[in-house]
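Take a look at the structure below.
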Amino acid sequence: MSVSIGQSLFLIFFGAAAVWFGVVVFRTHSMVRSAIALLFSQTAVGAMFLVMQAEFLGVLQIMMMASEMSVMAIFMVMFMMDPGGLGAMDMTHQKRLSLWAGGIGLTFALAVIWLTGWGPAAQAAPAAAEQTAALGRELLGRSMFVFESAGLTILTAMVAATMVAIAPTEEHGR
Amino acid sequence: MNALSGARQAMPGGLRGLVARAMAADLRAFVVPGLDIARAGGLDPAGAGLRLADTPRHANVLLIAGPLPPDLLKAACVVWAQMPRPRAILALGADNIAPLPAPDAIGALSQDGLAEGVATLRKAFAIGAFARNVTHFDAPALAARIEYTCPMHPEVISDEPGKCPICGMFLVEREVSGAAPAGDGDHKDHHGQGAHEHGKSAPAQAAQSDHSPHAAHGDAAVYTCPMHPEVTSDSPGSCPKCGMDLVPQDEGDAQSGHAGHSGHGGHEGHDDAQDIPGIEPHFMSMVELTEGKPASPDGLIMEWIEVPFGPFFPGLPGGLGLILTLDGDSVAEARLHGAKPIPLPSGCPVAELPERLAAAFPLTHVAMRALAHRAIAAVGGGAAAPDAAALERERIASHLNWLAGFARQMGLVRLERQGAALQRVLVGAAAADIAAAAPGLRRFLDRVRRTPLLRSKLEGLGGLTGAKGGPVARAAGTAADARAKDQAYDGLDFTPIAGGNGDALARLMQRFAEIGQSLDLIARAGTIASSRPSSPPPSTPPPRAGHGMATVETARGPATLHLTLSDGTVERAHLTTPFEDLAPLATDMVRQMELADALISIGALDLDPRRLAA
Amino acid sequence: MSIELAIALSVGAGLFGVGLYGALSQTNLVMILMGVELILAAALVNLVAFWRYLHPDVMAGQMFVLIVMTVMAVEMAVGFGIAIVRFRSRGSVEMEEARELKG
Amino acid sequence: MSIFAILLGLAFGGWLMAALEGWAVHGRFSLVRPLASALALLGREAVVTRKSDRLFFETAPILLLVAGLLAAAVIPLAPGLIVADLATGALFLNAALAYVLVALIMAGWGPDGAYAMIGGWRFLGQFIGYSMLIVMPITAVAMRAQSLSTTQIVTSQAALWNVAYQPLGFALFVVAAMALAWLPPFDLPSGTGDLAGGIEAEYTGPRLAVLRLARMVVVLALAGAVSTFYLGGWLGPWLPGWAWSGGKTLAVAALMLTLGRHIPRMREARFLEFCWKAGVPLALVNIFLVGVIALVVPI
C-alpha cells in the first residue's frame, strides 16, 4: 500500500510539473524558453513513465525529447522574428474559442476518467529487464509488421522533409 | 598594504588570503594588442608562467605589450572593464596607458621584463587581491546610454520606455556607446558594459564609437541613415555602412511610418483589417516584417547580427578590426578596418625616422628600418648598405610568428608552441646560428605539412586572386616580388617562388617555401650585417632636402615609402603597406563564407593592420 | 478502480487541454507544432497508464507508445519541412497569412 | 556507500583530468595548478551580463553537472560498486548525456552574447552529427550482451573485450564521445580562434568553475562508458575491479583529451558530412557484423 501511495504522490508531482511546463510553453514570451519549457514538460512525462515502471519507455522519452526540443528551439529562433521575445508581441488568435475548446476537452476527459469503472488495477508490472526483453520480442515478433512500418514511415518522412526543405537549385528552376 | 588597481571589494585575510595566493599562482593574461606583437617583441608568456586567456572574462592580468595607440587604448579600457575583479595590469614597454589605471607592474618589452613583471604581480596578488576600498574604473570609452527601440521597427528610437508608435509593441532597451549623460552609468562597476547589444565584445564598443561621435547628449535630434535605420547618431555625418548622409530622425521616422501604413494598416482599428477576414486587430504580420529583408542564398530570411571580431580577437592579428554581419552562420557582409593611422609628427628629424617607423610597425621593424634607410639614401641619390640577410631573417621569424597564430586559430596548440619557440630562436640569431637551426626548421615544416586533416581543412578555402604583391599574390601564381629588382639581393641568386591556386593552403605552403628560400639566401649572404637597433648607418651624412622613394619586400608584401625632406626634417612621408592592397580583397573574399571558414581565411592572409598617416 | 490510473489519466487530460488550447490559439506554425506535441504527450501518458494498470503483461501496449513516439518525430520532421518551405516562399510561418492553405 | 565512493572517484578523476588538460593545452603538467585555478575562480567576481536570460545563464552549468553525474551513475566501477544498476543503463547514459546539448544551448542563449550564442547553436549542428554515432555502437554492444544493463555488458566481455570484438564500433564511439564532450578537434562551441571561448566566454568566477568541473565530469562519464562498453570495465587480472575500471577510465579520458590537439578544428558541416556519409553506414555495418558473429560464433 505504501508503494501505491508513493507512486500516486510521484505521479501527481510529475504530472503537475508536466502540465505546468505545458502552460508555460504558451505563456512565456521568450521563444527559446518556450521550447525548453516544452522539453521539461516532456521530461516530466518521461519521469511519469519511470514512476509507472515503464523504464525503457521513460528513458527513451527523456532522451528523445532532449534532442527534439533542442531542434525545436532553433526553429523557433529562425521563424519567430521576435528577438528574444522581448517585444511582448501577441502571437495568438481566436483565444476565446481555443480556451473553450481546451476547457471542454479537459472537462469531458476528466468526467470520463472519473466516472468510468476501469475495473481492478493490475498490482505488479514485470521487472524492467524482463519488460525490455519482452518488448523486444513483441517488436520483432508478433508486431514486427507494425514496427517495420513505423521505421519505414520515419525514413520516408526524413527523406520527404529534406527534399521539401532544401533550397531549389538552378536545375529545378529550369 | 597595497591593493591591486583592480582589487575586489572584500575584507582581506583568513580564507581569502589563501584564495589570493591561489590567484597569484594562477595568473591568466589577456594580451593586448595581440599575441603576434608579443611574440615579435620576443615575449613568451607561457615561459614566464602566465596562462593565456581567450577572453577578458577569463583573465586576471591585462598584459600590455608595447605602446598602444589611442584607439587601441580605448578598446583596452573596455577589455579592462570586462575583466572580473581582482585584476591587474602588467605594462611592458608602455609608458602612458591612461585612461587605464596605473599598472601594477611594469617592465621592459623583453622576456626578462616579463618575468620580473610576473614575479611582481604574484606578490601584488597575494597581498592585495582583496581590499576594503576599491577604486572604481571609469573611462570615456565605457560611457554608454540606454535608449529604447522597437524590435520590429529599429528606426523607432526613444529615450524613454513605452510603446512603438507603428505597431504598438513594447520598446526594448538597448545600450549604445557614445555620449553619456551623467547618471546613466550607475550600473554596478561597469562590467555589464560588455553586453553591448549583442554581447561582450569589447572591441565592438571601441570600434563602433568611432561611428557615433561623442556629441553631448541632450534634446539634440537623432540622425539616422535612410538605408540603414539601425545606424543612429547624435550628430550629422555619413553612414558607416553605405556612406550616405544621415538624415534627422523625424524625417526617417515619417517615411517608414508612412510605408508601414500603406503596407497593411491593421493597427488603427477594425475597419482597416477587413481584407483578411477574421484577423485579429493587433495581429503582427510576419510577411511584412520579413518583406524586403535580404535573404540568404538559400532563400531563408534570417535575423542578421553584427558581430565584432577585434581588435583583440584571439584568432586574428592584434589591432585588426573586423566586423562581420552574420546571417545564420554565414557572413553576409564584412567590414575590415585597420588601426587608426599613426601620425608621424611633421618636423621629425631625418635621423630619427628609421626608429620611429620601426616602432610604428613592431611586426616588421627590421624591414621598416631598412625601408627608411633606403628612402633616405635615395633622397641623397645613393644606396643603403646591403641588408638582405637581416630582412630574410625577419621574414622567417615573421612567417613562424604567423604560423603560431594560425595554429592557435585552428586549435593546434602544440604546433603553436613549436612555431613560437622556433620564432624566438630565430628572431635575433646570427647567421651561423640560423645555419645550425636550419635543418631542424626544415624538418619541422615537413612535419607540419603532414599534419592530418590540415590539407583537407584548408584546401579551397578563401581563394583570393588579384593581390598585387606579397606571399598572398605569389600563392595565387603571381610572381610579383620586390626583391627581384632589389640591389641588396644582387648576387644572391634570387628568383621569386610562385604558384598555387591562391587558397589558404597555398598560402601556407607558399610561406613554408619562402622560409626555405630565406634560409638559402641567408646562407648565401654569409653574415647578417647587424642586429638591432639599426642597419649600418649610412656612410655619408644624411641628406637635408629632396624627394626619395624606396621599396622593400616585407614578410607581408611590398612596402613603399615616399619621402620628402626639407631642412633636415621629414616634411612628408607616404607609406603604402600590403594591408591597403589586401583589405578590400579580403572583405569580398569572406562574403557568404561560413563564419569559421571566414576567420581562417582572414587569418591566412597575415594582415598587419598598422598604418602611417599620410 | 485504481487511483493511480485516474491520476495518470487526469494528467493526460490536462496535457490534452493545454495542447488543444495551444494548437488552436497560436498563429505561428512552430508554436502550433508545440501544441500538437503536448496532445501527443497526453496520448503517451494514457497509453502507458493503460498498459501499467490494466494489462501490464501485454507488451503491445508499450509497442503503441513507441508508435506514437514515431508519430511525434515524423510530425516534427514534416512540420519543419513545411515551415522551411513556407518561410522561404512567403517569409512567414504565420497561419493567419496562409490563406491559400484554407479550403 | 557506493554513491560516496563514486563521487570521491569522480572528484579525484576530475582533478587528474584538469591536470592532464593543463598539460595538453599549456604544455606543463602540474597537480597543484588545477587546485589553484579552482580556488582562484571561486574568489573571482561572478559577472552577469546585461540583458542576460538570467534563468538560463544560472541553470546551464548546473544542468550540465547534473547530466554528467547522472551519466556517471550508471557506470559500474566494480561488481556492486554502482550508483544505479538500471536494466536500461546503456540507454539511460544516452538520455543523461542528451542534456549536455540542452545545457550548452542554454549556456549559449543565456548571456546574450554573440559568441556564446553562435557556440550554442553550433553545438546543435554537431549534435545532429554525433548523436547517431553514440546510439548505434551502443546498440551493437547491447546486442552482444543481450541486455542494456551496464553490468551485464561488462560481464558479457569476459571472454573477449568488445574493443577486439567490434573495433569499428569502438572507433566510432570514441569519436562521437569526443564530439559530445566538445573536445578538440570538435571544440567548435568554445574554440579559441573561432569564438574566443564561445559558450564559456561570458562565464566568470564560481559559475565558470562549475561549468569546467561539469565538463570534466562529462568527459569522465564518457571515458567510463568507453571502458564499460569496450574495454571490459572492471575485468582484469591481479588488481581489484575498481582499480581496473578506474585505470581504464583515466587512460581513455587522457586519450580523449590529448588525441585531438594534433588535428585542426573540424567545422560542424564537415563533421556532419563525415558522420552521415561515413559514420552511420559504418555503424550499420558494425551492427550487422556483430549480429552475424553473435549468431555464428558464440563467445
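The first chain written gets the first letter, and so on, giving A, B, C and D; residue counts start at 1 in each chain.
Note that a contact is a pair of C-beta atoms (placed from the backbone, for glycine too) under 8 Å apart; a residue touches a chain by one contact, two chains touch by 3 or more.
Note that the coordinates shown come from a computational prediction; the quantities given were computed from them, not determined experimentally.
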item	value
Far-end chain from subunit C, centres as C-alpha averages	B
Which of B-D and A-C has more C-beta pairs touching across its chains	A-C
Cα-centroid distance, subunit B relative to subunit D, in whole angstrom	36
Euclidean distance of C-alpha centroids - subunit A vs subunit C, Å	6
Inter-centroid spacing, subunit D versus subunit A (mean Cα positions, whole Å)	27
Centre-of-Cα separation between subunit D and subunit C, whole angstrom	32
Multi-partner residues of subunit B (each touching 2 or more other chains)	279-280, 283, 286, 289-290, 298-300
Per-residue multi-chain contacts in subunit A, two or more chains	56, 60, 71, 77-78, 84, 91-94, 131, 167
Residue list for subunit C, restricted to those that touch at least two other chains	27, 84, 87-88, 93, 96
Residue numbers on subunit D that touch subunit A, as the complex places them	53, 55-56, 86-88, 91-92, 94-95, 98-99, 101-102, 105-106, 109, 112, 121, 124, 127, 131, 147-149
Subunit D-touching residues of subunit A, taken from the complex the two chains share	30, 32-33, 36, 39, 55-56, 59-60, 62-63, 66-67, 69-71, 73-74, 77, 84, 127-129, 131-132
In the complex with subunit D, residue positions of subunit B that touch it	8, 16, 18-20, 22-23, 25-26, 46, 51, 54-55, 57-58, 60, 82, 84-86, 129-130, 173, 175, 187, 191-195, 198-201, 305, 307, 313-315, 326, 329, 408-415, 417, 451-454, 457-458, 594-597, 599-600, 603
In the complex with subunit B, residue positions of subunit D that touch it	24-28, 32-33, 35-37, 39-40, 42-52, 111-118, 121-122, 184-185, 187-188, 191-194, 196-197, 200-205, 208, 260-267, 269-270
Sites on subunit C touched by subunit A in the complex	1-22, 24-31, 33-35, 37-38, 41, 44-45, 48-49, 51-57, 59-60, 62-63, 65-67, 69-70, 72-74, 76-78, 80-85, 87-88, 93, 95-96
